[in-house]
């Protein structure tokens, strides 16, 4: 196969990786920082994508404008979800039960989507859907590029927020020892709620980005959750940079592997990476502490 | 190794050049120690001097970087902790650990000494086992809590429960990490007496403790750690006088 | 109204318990004047920690009132207690295991905005407990038991509240450090703070404390000036741990309170 | 209490302790139901199951019964791992699929009779589950969940893509073991086969549950390292539980393949099936022998019902989701414990505690009588002894 | 969907003939599934307006199988055993036809189906199964293959790229063309298969674009076809010939790919404009009912109805039991006039015809092959998209 084909698929891989990175960031946020396995993350992703699609179909405006609504709505949804549901789980069994709880939420979302929009595959019809820029012989689809930029931007701001604000610190403290956190004056309830809201906000952005250049159907989220889970384990639970790096690497290797192996086999790269990680470095390859303990 | 070890005593547990470091910190630093069989051995030292890490290396909770551990003549270096336990070394934890959602009784029924298929498939709650459990609960003095869930006990009560749990596995050598921490003085006295009795019954003890009265009144032989290596050992009375110990540990 | 109250912390006949289980505290009253260390001693499970939990709003009492510096704070959520000037150092281990020592200590000053004040405090705790400085960037969860206790204590020193609740601060500390901690407690007192101290290392604690309270069966059982309690032989054997010599004759008697329970 | 302290004290245990009494927390102790009652229940249940094929109005209902039994087998299988060790596998459908496909492929390629293939496949799955278990059990909690999900997704990919061998998305057709049976008979036969399999699984679970092995597994659920330090060979035990669990699930899958005949990777390796196993087990109560069975009944019937009622909508997903959510939030320990708690609440509270304490009190007083004077003496010798009313006060506490 | 009668097989002359169907109204195949549903409903309505079958009204009972094999089986099981429907119609997509045909067989029911075109359907030894369309999947492109290979040296394509969904029907069609071209000396540069749930086609597209093949063959259902075409457009790949199964006949197709449809080819078993009497009637009545003309899925469903109806009228019975065997036997012996022309079947249920080839010309899809049926001239090379 020629160099240009390689270049082409590397570019496609990077663009894909960017999206993975954002989506994984959300997951790792709940997971590493809040001990919650958010199976429903990718379901919310698809939900956001559907909203973008619906918005575009109803108004004919660019789907990205739907962010103005979806991001705050999702943030609120996350907040409520944490306050009303997740916070009810017993700390002793939080991680395990959260898996099932969020799983249930995923099912409900999938069902509701199928209920409202039917199982039909949907795809936003953008005027510039087919356009692409030519970068030394390789084609860079415009929609993918837009999605990538959106993802990168969101990811960066999330990272800065958690790393450099009192909020980030308070959030982690809240999870690790609620009583103690309260005693130093942290409003643990609100903090945890915000944390969850953030996670869902990323889902809103990711979903919109996704909707620009992909077909969506209600059960699509199963398609995403696996790779995302793999990414955050490889990246080291709780480490956003880790997730981002892992996402990039896996995204690129996936699209490269598709050349020799074909679409389906190429997906296995995620799981191979996952098992390799468990075997050699259960706490993940990039940061991510004490992962095996959770 | 400093301070000449007492001559001609069977060594129950012996480490040679045991070393464990975490990143920059060398928690245990070429520690060669021998604990005397059938005696109550004390292990003291300032915070962070490596006592718990030493325990962990010996009991296989973590793998030492270098050095060896021998128990009653046979090498147990890097053996998994369950194997060490079945070899007859029981241990308690500094931050005491119990099975929170099991009742006190169930907590005791966990210990496994001889995992043969027969014993394993035998009904867990056969009277004999339960009787043994009650016996130990009585001896640590929390038998009235038999049916309480472990997580509802107060800190001290949990410590006692943990002790009883260890004893259920009927170990020959018992390593206790701060048994008196957070336990009320009267109870400390009781634990001390219990240790004495068990020692008379032939059990060997290795006790990490910051409570000097307890150490001095209880131990026959004391090893002092500082910065991951033994700096002195001998009879409590001598230890108390040892200038290095005064300086490094007791202060003034 | 705050001014004329002569106590900084008042717990007025508190009844408290966990879930639907039986009461742990049965009409307990404790009052702590300014610049005083009150020490709670008592057997395991007597309810000492529970007292502190109630005082800091972690556990809502079934009846009774909690007054901090004249303000009735009964039913206030523990996260607001610091605003009312009350700090609580938990028993056992409450460091944020997966955060660095630095983050732990700085969280102690979560409510403080003034960066300069924070820096001074940090410098202070760092030379009080060298380990805090040495391991500044390391995960607190990886410290030794005693070191973690030191970090916790350091964290609580980041603010200077009116009332401090200490739950077994010396647990797991070596003699040297223990001395330091009690020294600090004394300093707090001298700075006018009201300290409610729970200790199992009772003799040592009572030497520092002004007033001692013996807690048993969820009530204050005996209370008085610390030195007197120290002097009382029976008490010594019962709660402060007598020398093994005495044990024989105390044995019977000490079984008594337990039987009271049933 | 008293006599005990006395005894220990007089056993010269040094300064005995002053212990506050703790009332047994009223989280009702696994209240031993009278042997007979439970036995009767079991017999009745068995009778009902066995008579079902004759009361079933039509073959469709019967086939629904088979499906439910199959679910019961699966979630009981899951419970060997999830219930004892607390390792929640959302990917257990993997073993269901492997069992099914294994059977089908063996029949297809080795032309062996169906039930021989079934057994062989189960053994193969055991062989597979060992390395997988070793890898997956290196991590705990949520990481394990992720791995389990990943595992089933991998298999889905493999069985979809490896068309030459597995038939890919077109699926695999498993010839009927009894070609000449008409459909209704076919259902009836398999109903009993599944029932037998279920019974076997239940017995195995029961034996483990009451064995020391079982206690060890439960301790792993609580605190793995601690269990280890008490001599429990956790790695080995976990693996045994995992493999057992895989085996039962695979047997269920294989039987399903022989019964159903058409294997489709998307269904055989779906997370949904795996999650149904968990849902059922949770719903019934993971710590109870019949929990999963009960759960399977409820969920299975619910699913069939939704399918008929809301056949042409996705509503069944919403319903399943709501069900799972409610269970997790409001009775995470399952129906059985919830019901028992309820019963214990209605039956006068003290019994659950008093029959213990009363007995103790009696015993104590008797024994105490001997050492009365000493105790008496002591009480006044003690400064500021607590006034006597306490005793009653506390008795009330005990009773409340 | 539709209300099910309590029908217990017994047929008093007044009560309706209940016909059970299971269709993928949700899931991977919901799009074509809905088409089939419309077709069946149109058929039922038209029949009833004309006085029903054997003087009895017909009534459909439709369940959703979400494109799941396990669901489709239990659906037919409940329809036949529980609801005791009098007749069954086939489901959509080959994957579901085989299991459901077996259920029907084991209850001895006649099973006419609109979608199971792939070869293996007819290799299961079903005697009760009939495919209600002119040709099996592999023969769909016959006319196109012959035409391309008959072109003069210069214009004849030399290379081809194939991408097909891992679905028996779609694959059948694509591979039929692929194999014939290969025999004809055309070199196959790319041969990709993707699972039904694939959404990202960028890399497959990249490969095809890289190969610069003259012909691109898409073994597609609907959405995957659209995605593949968009991905190819993004990479600015311009083939001489582009043939996709099913997708291009879908009403939404044009807008979905940004109306750059010119020259795209697709086989069809049915033509809106075909002059068979029943077809004219079908098209106008359907348009009347649904406000827009039918597409191929609808037509296939309608055909199914016609076939069963013919048998029922001829044999004069419609209930479970021996009647079904009579229906089966009659269909094996006779030819049925349908909207896709006369149909007859071999013992395995294979129809013996070929599909027409359609092409998008001037923004409309027109029949271009075979010559005798053509509405427009074959457009080659295909204009850029």
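Some observations on this one:
We just call them A, B, C, D and E in the order they show up, numbering each chain from 1.
The definition used in the following text is that a residue touches a chain if its C-beta (ideal position, glycine included) is under 8 Å from a C-beta of that chain, and two chains touch if they have at least 3 such contacts.
If you're wondering where the values come from, they're calculated on a predicted model, not measured in any experiment.
The minimal number of chain-to-chain contact steps leading from subunit A to subunit D is 1. Contact tally for A-C versus B-C: the pair with more C-beta pairs in contact is B-C.
Subunit C and subunit D have Cα centroids separated by 43 Å. Distance between chain centres (mean CA atoms), subunit D to subunit E: 47 Å. Look at where the CA atoms of subunit A average out and do the same for subunit E: the two points lie 38 Å apart. Per-chain Cα centroids separate subunit C from subunit E by 79 Å.
Taken residue by residue, subunit B touches two or more other chains at 100-101, 144, 152-153, 157, 184, 186-187, 189, 192-193, whereas all remaining positions touch fewer. Counting partner chains per residue, subunit D has residues 1, 5, 12-19, 21-22, 25, 160-161, 313-314, 360 touching two or more of them.
Along subunit C, residues 18, 21, 43-45, 237-239, 241-242, 244, 247, 254, 258 each make contact with two or more other chains.
Against subunit B, the residues of subunit D that register as touching in their complex are 1, 4-5, 7-8, 12-19, 21-22, 24-25, 27, 29, 207-208, 210-216, 218-219, 222-223, 225-235, 356, 360.
The residues of subunit C lying in touch with subunit A in their complex are 56, 58, 77-83, 87-88, 90, 94-99, 103, 106-108, 110-111, 139, 141, 155.
By the touch criterion given at the top, residues 25-28, 30-31, 34, 66, 192-195, 197-200, 202-204, 206-207, 209-210, 222-223, 226-227, 230, 233-236, 255-258, 260, 385 of subunit E touch subunit A in their complex. Contacts from subunit E toward subunit D in the complex involve residues 1, 25-26, 62-64, 66, 68-71, 73-75, 77-78, 81-82, 94-95, 98-99, 102-103, 106-107, 120, 124, 166-168, 193, 195-196. Listed in rising order, the residues of subunit A touching subunit D in the complex are 31, 35, 37, 39, 85, 88-90, 93, 95-97, 99-101, 103-108, 110-115, 119, 218, 222, 225-226, 229-230, 233, 237, 262, 264-265, 267-268, 270-271, 274-275, 278-279, 282, 291-294.
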